[in-house]
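The data blocks that follow each hold one structure.
In what comes next, chain A is part of two complexes: it sits with chain B in the first one and with chain C in the second one.
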Partner chain A sequence: MGAHRFSDEITTSLQRVAFEKSVSWVVAGAILLIVAVPLFSIEWTHTLRTVVLGGAVLGVVCGALGSFAVLRQQSLLGDALAHTALPGIAIAFLVSGRSLPALLLGAGVAGWIGVLLIRALTTTTRLKQDSAMAIVLSSFFALGLALLAYIQGRGDASQAGLKSFIFGQAAAIVERDVVVLALVGGAVLLVMIAFWKEFKLITFDPEFAHTVVLRARAIDLVLSLLIVIAIVLGLQLAGVVLMVGMLIAPAVAARQFTSRMEPMVLLAAALGGLAGGGGAFVSGLDAGLPTGPLIVVAAVSLAFVALAVAPGRGVIWTWLAERRDRRNFAAQNVLSDLYRHCLSHDDPMQITDESMLVNLRGDAARIALRQLQREGLVHGDGRLWRLTNAGVDAARRLEM
Partner chain B sequence: MQGIETIIVQLLVSVFSPEQINAFLGDPRTVAVIVGSMVAASGALLGTFLLLRRMSLTTDAISHTILLGIVASFLFMVFVLGVEPDLSSPLLVIGAALAGVATVLLTEAIQRSGLVKADAALGLAFPLLFSIGVLLIARFTSNIHLDADSVMVGEIGLAWTNANSYCLERCDPVVITPDDPRAETSRICTNCERDAISPRSSQAVFETACANCGTYSAAEAWRLRLIPEAPVLVYFPRAIGVMSVITLINLLFVGLFYKELKLSTFDQGLARSLGFRPGWLHYGLMILVSIAAVGAFDAVGSILVVAFFVIPAAAAYLLTDRLAPMLALAILIGVVGAYSGYDLARGTLFGIIQISDVLVLLDRVIGLGGQTTWDSSISASMVLTTFMLFVLAWVFSPRYGLIANFARRRWQRQEFAHQVLLAHLYNHGDQPEERAEASLHEHFRWSRERMRWVLSGVRAQQWVAVEGGLVTLTERGAHEVLDFRKTNLQVQ
Partner chain C sequence: MAVHIASDALSISAPTTRLNTGKSSFEVEDLTVAYNSRPALWDVDLRVPEGVLMAIVGPNGAGKSTLIKAALGLIPRAAGEARFFGKSYEQARQLVGYVPQRGSVDWDFPTTVLDVVMMGRYGRLGWLRRPTKRDRDAALAALEQVGLSAFAKRQISQLSGGQQQRTFLARALVQEAQLYFMDEPFAAVDAVTERAIVTLLQTLRANNKTVIVVHHDLQTVPEYFDWVTLLNVEIIATGPVSETFTDENLHRTYGGRVGALTAAPEAAGA
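Showing the complex of A and B:
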């Protein structure tokens, strides 16, 4: 009997997982369609289409990889990484001019150096992770600003786009950039899919991963590298200052709706695409508005909505559930009060005055009586109450 | 704020002549260094406690979000009060303090919901508030003096230009009345425009009007050449006034609550059980951080502020274990960093290296387009020099530095090897085959080189003697082994 029920439970839980997975595919697809469909409408200018497409692609990549950053509790490392990329961008510009692959490479290398420096600080001194991050982040950012000021002093026209890395400027994305971004982003996602199982393992149980996987350290490195690449790609859109919002907000939002990895990454990617495309769209219409803040406001608002309404764990849901529990508890108390009153008079039809219950249980008793009345367990006129037959049965069950 | 400024000016005037003061406070470098030092000093004062309370990144978040407070107060001043916005208005400070506390509260609320980890909570709260600030700037403040550049790096280099003037002599305000010889009068046709007639027409009615009548302060009167002799004026940069007040507040806070801060930082539980209110101190600290950040905003922008809080404190943390010296060292490091930072922005690093020489070299190697002059952001350079000081502390700190650590570890390894060798010789004193010099290294699985290094070490101490290929423990060595066992292994 027990074994039978257990296997049943497994079947239902497997069914639920499969259901959740397929729902997440459908939802993610629907969200991406919302972004994609307007792309093919005729009224859009070529520039706007390019910018929105770039924004959506970057949003998808950042959302997907951001899930890992959030689950590994490395959100703020993403912030530090984005800031430390700035001097890399400036140096790459000095060495090779404004070519996107070179700038991305520079950003990636500088970000990586920043991460190593943070690690060196935390391992060789007694500084904690947060101080080490703040130190490296602010000094690298200062170096970046100093170099930008120097580059500005040269007064050549091509440096114009560099400043857009600070707050992000989708308008700076041209068609060739979108191709580069799509190729690199696609490669990142492919690697993520290829190492899916390993990444999942190392995210949820690093110690276990190190005991069962041969090259756990290398896999850890690959995952970190992918996160670095995602951040570096996103810099153009969100800017170094606000990159962290773009990275983690879609993942936080997605996390509220599901507790499984695959649906979470799918949903985060789709929400990232929505925020990225939407932010790029608004800033493409109005060049005065920097893209990064728009995207971040969109993405973080999504996250807050998710935190509020997510079924099963959102703030509103929890509040409602707690209220329901509180009321049920009060109703049970009032029911057994009535029953005891009956017992003490040896009469199941004994009438009880409402004010007595209010004295005993406070104002909650009034609400509880109305609830019991709706359930057909008590009968009364709003002042005097007695148990119904069903009420007597229910109370007897409670007292057992 | 005005009061403190007046006091400072009167103090200065009582010691120096107005010319000296103006020469001193009219120098961009002096003003930038003074303002930078005060930013660094107040940052270091608070930063020390923030570092110890592991709140460095909260500082980062606050320094971002005060932007929203500043912009909101700006818009409030422009659209609700309809007054000329001013970066040193107390409203700004209130707005920023509110924004700072709002950041902390928002983060704590997200965290308390239990749905998001602490790091992600911070990562959601401050990008949102900062984004709203940046968007408001982009949308509403195009005609107000507040742009993305000043948000990032501030304008410490221009701090000297924004000054209040104080008059010392010949200060009487000048009143120009229509019958004053200096009044510029003209006849204006009062009905020409209304009735559309020419001023030459006979119906035109004229009235004598005064173009420059009114009351002028002595400074204005001199500028318009209404008075023959210049009044004696002293110019006092506003940023210095603002930062002195903020530094003073921070000094007072830390001075008055030193004991409470110390206790609640190191042992919050004890502080609470003794009846202190760690929560109040926590929010007090957050408000002060916001105020210091808003004072520094004008000078160094909103993103670099965190460097002035964290880096000097961290450097001091690597140099000392005591709170009071740590505070003093942090302030010193911050001030030295600010001082040498100005020079770095103008092309000299610590008075030793000329950046332009480096640029000439780099230009030859990788090609920089021939630009070899270095004229960079002052606030960013101040952060860079402070960071270099931090790196110096990291490398050379006598107790926690890289070199000290390396030396200590090497010494410990050597010490360990010596004791292992001595113990081996002691245990095998009667087995010559265990003590043969040629094969001794095999017993420890050491390389021959390492064996030679260890052996030369113990021989130098005269703990062993080598005779005829055999390594023998000397009396001194045997004593050392017993000594070691007694003190470290508790063998009787």
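Showing the complex of A and C:
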């Protein structure tokens, strides 16, 4: 590394990025391992296994479809949808009792009506989308709460599980439910894979998609429907209040680590499964713990960690990169200062006092001199400095 | 319709007309589009012959982009219809390429340049089919043509505005269409990109493609295009640049707000 660094700055910075990326993958893997190890030391009862499996399945489906919601910039629409599902659940219960498929159907229909209502409000009135969402969300949710109170008042023994839809309750999941969830969730994922390229195009560039894709409107509808199904499936686990966190957080975290859509959806599914399974596990240990908050805390912590440390996009990474740029810039300036000092004395070996550079550039000059010394561009004793031959060459190239 | 057949016959029989005026590539009849009951386009009739490079110019809010979008069925029409090589859009889909405004998408989307260009093939592929090596080769060739070969694997968030525009052009190229619609491709691009687009337009014309471009810069119209439509909610004039792109027509389009191309502006610019 005798030669100076600025000319091959690009190569080295690319190498550095690659290095930092691999480091953060190792860190992420280590964290996963630390989290995973205690799981194997627990005694797995049948109930616990059912609950965790259900949570993981839901997490995977929500993570994958949540990626589309995030990329379509419809995160809050997901929130509105989850809330508007509540009266549907209550009505389905009144009609057909506590059967999961009926409850989910009711939730889906109510959520869908809610979304259509939001769309109708924004197109026919002067309401903006956020206001329309707030109105529909709160009124549907209030209706749902009222219906639940009514159901509770009837003193029906089977209504116990119904309240779990508000904050989510993994313990309410029985083995038969897991089969239903796995079948529906599997079907959702299969459709997603089958129409992958259409979904991707319609998410990235809806206008262009409508000009090239056959029946683009239908495809668009199917994608929305899949997102609705994912939300509805997750309701029992995460609850209508916090469902949006389960949908969005894994996708946000995954987006930080990759800049391609395929790995993003895969990673979001994995993180969703982890958060769903983990949240269900903790809540399964004690029936009193609501699952929704646990899952959402798990998923959102993952997202926060990702926002902070992800290579390339994370806050810390950005800060480090900026600091590096600042230091490189300071080093270049100090190198030029030394060179000009030489020029003014017409002597390439002219010695410069560090205090002079500090007066000129501030304390950054000290750090810059040490960096230049490491790169072999300057020579000095910590107080007096002169350029090396390589340093003269580098400075000359800078001046050009 | 009868009127149009008659005018077709007329233009074929007239010996002085240009080479290309025989068949129309793009035709709009009685097109009206309204936003909040205010007309954005009013009773537009337009016929574009095959093989021309046509600019659509007009002031802001004249309905230039709206004309393209309504023709392609992206926004609802209050009245009228659009034909492409005599067919409806559904039938002619494969013959039409589209370059939307580059501001219409999120450039932080997690995908690569090559991926975006490949999207131009999705229409030909149809449902459930994966892109093949042939599609990939076509995409790479298109990137070469717009000078972005080195960027194929690049994440799209790393592109400059001009590179984004060229990526969109490459995506349209792989559509292998006969008729292209481009929505302001020259808007806020660097000189390299502007030259690349001009070269591309000329190549397309040399291959007898028709290109319809929403354009803003009046100065370059005579240089880049051979056909022009002046639009301000209604069609003011349409035809060859040499006959149509006149001071008088520009005044009628821009309501005298343009200090026209020649040094002496007309007083009667109503």
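Here, the second predicted complex is superposed on the first by the 358 of 400 C-alpha atoms of A that agree within 3 Å, B and C clash if a C-alpha of one lies under 4 Å from a C-alpha of the other, contacts with A are read in each partner's own complex, and residues count from 1 in each chain.
Just so it is clear, contacts are C-beta pairs under 8 Å (C-beta built on N, C-alpha and C of every residue); 3 or more make two chains touch, one makes a residue touch a chain.
This is a predicted model, so every value here is computed, not measured.
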Partner chain(s) touched by A:Q73 [first = chain B, second = chain C, both, neither]: both
Broader residue contact with chain A after superposition on the shared chain, chain B or chain C: B
Partner chain(s) touched by A:S131 [first = chain B, second = chain C, both, neither]: first
Chain B versus chain C as contact partner of A:V315, first or second or both or neither: first
Touching partner for A:E207 - first (chain B), second (chain C), both, neither: second
Touched partner set for A:S259, first chain B, second chain C, both or neither: second
Common interface residues of chain A - those touching chain B in one complex and chain C in the other: 73, 255
List of chain C residues in touch with chain A within their complex: 69, 72-74, 93, 96, 98, 100, 104-106, 109-112, 115-116, 119-120, 122-123, 125-128, 130-131, 155, 157, 171, 175
Complex contact set, residues of chain B against chain A: 51, 54-57, 59-60, 64, 110, 113, 115-117, 119-120, 122-124, 127-128, 130-132, 134-135, 138-139, 142, 148, 152-153, 303-304, 306-307, 309-311, 314, 317-318, 345, 366, 368-369, 371, 373-377, 379-381, 383-384, 386-387, 390, 394, 400, 402, 405
Complex interface listing, chain A residues touching chain C: 71, 73, 194-195, 197-198, 200-201, 203-205, 207-208, 210-214, 255, 258-261, 264
Of all residues in chain A, those that touch chain B in their complex: 70, 73-76, 78-79, 94-95, 121, 124-128, 130-131, 133-135, 137-139, 141-143, 145-150, 153-154, 156, 166-167, 241-242, 244-245, 247-249, 252, 255-256, 288-290, 292-294, 296-297, 300-301, 303-304, 307, 310, 313-315
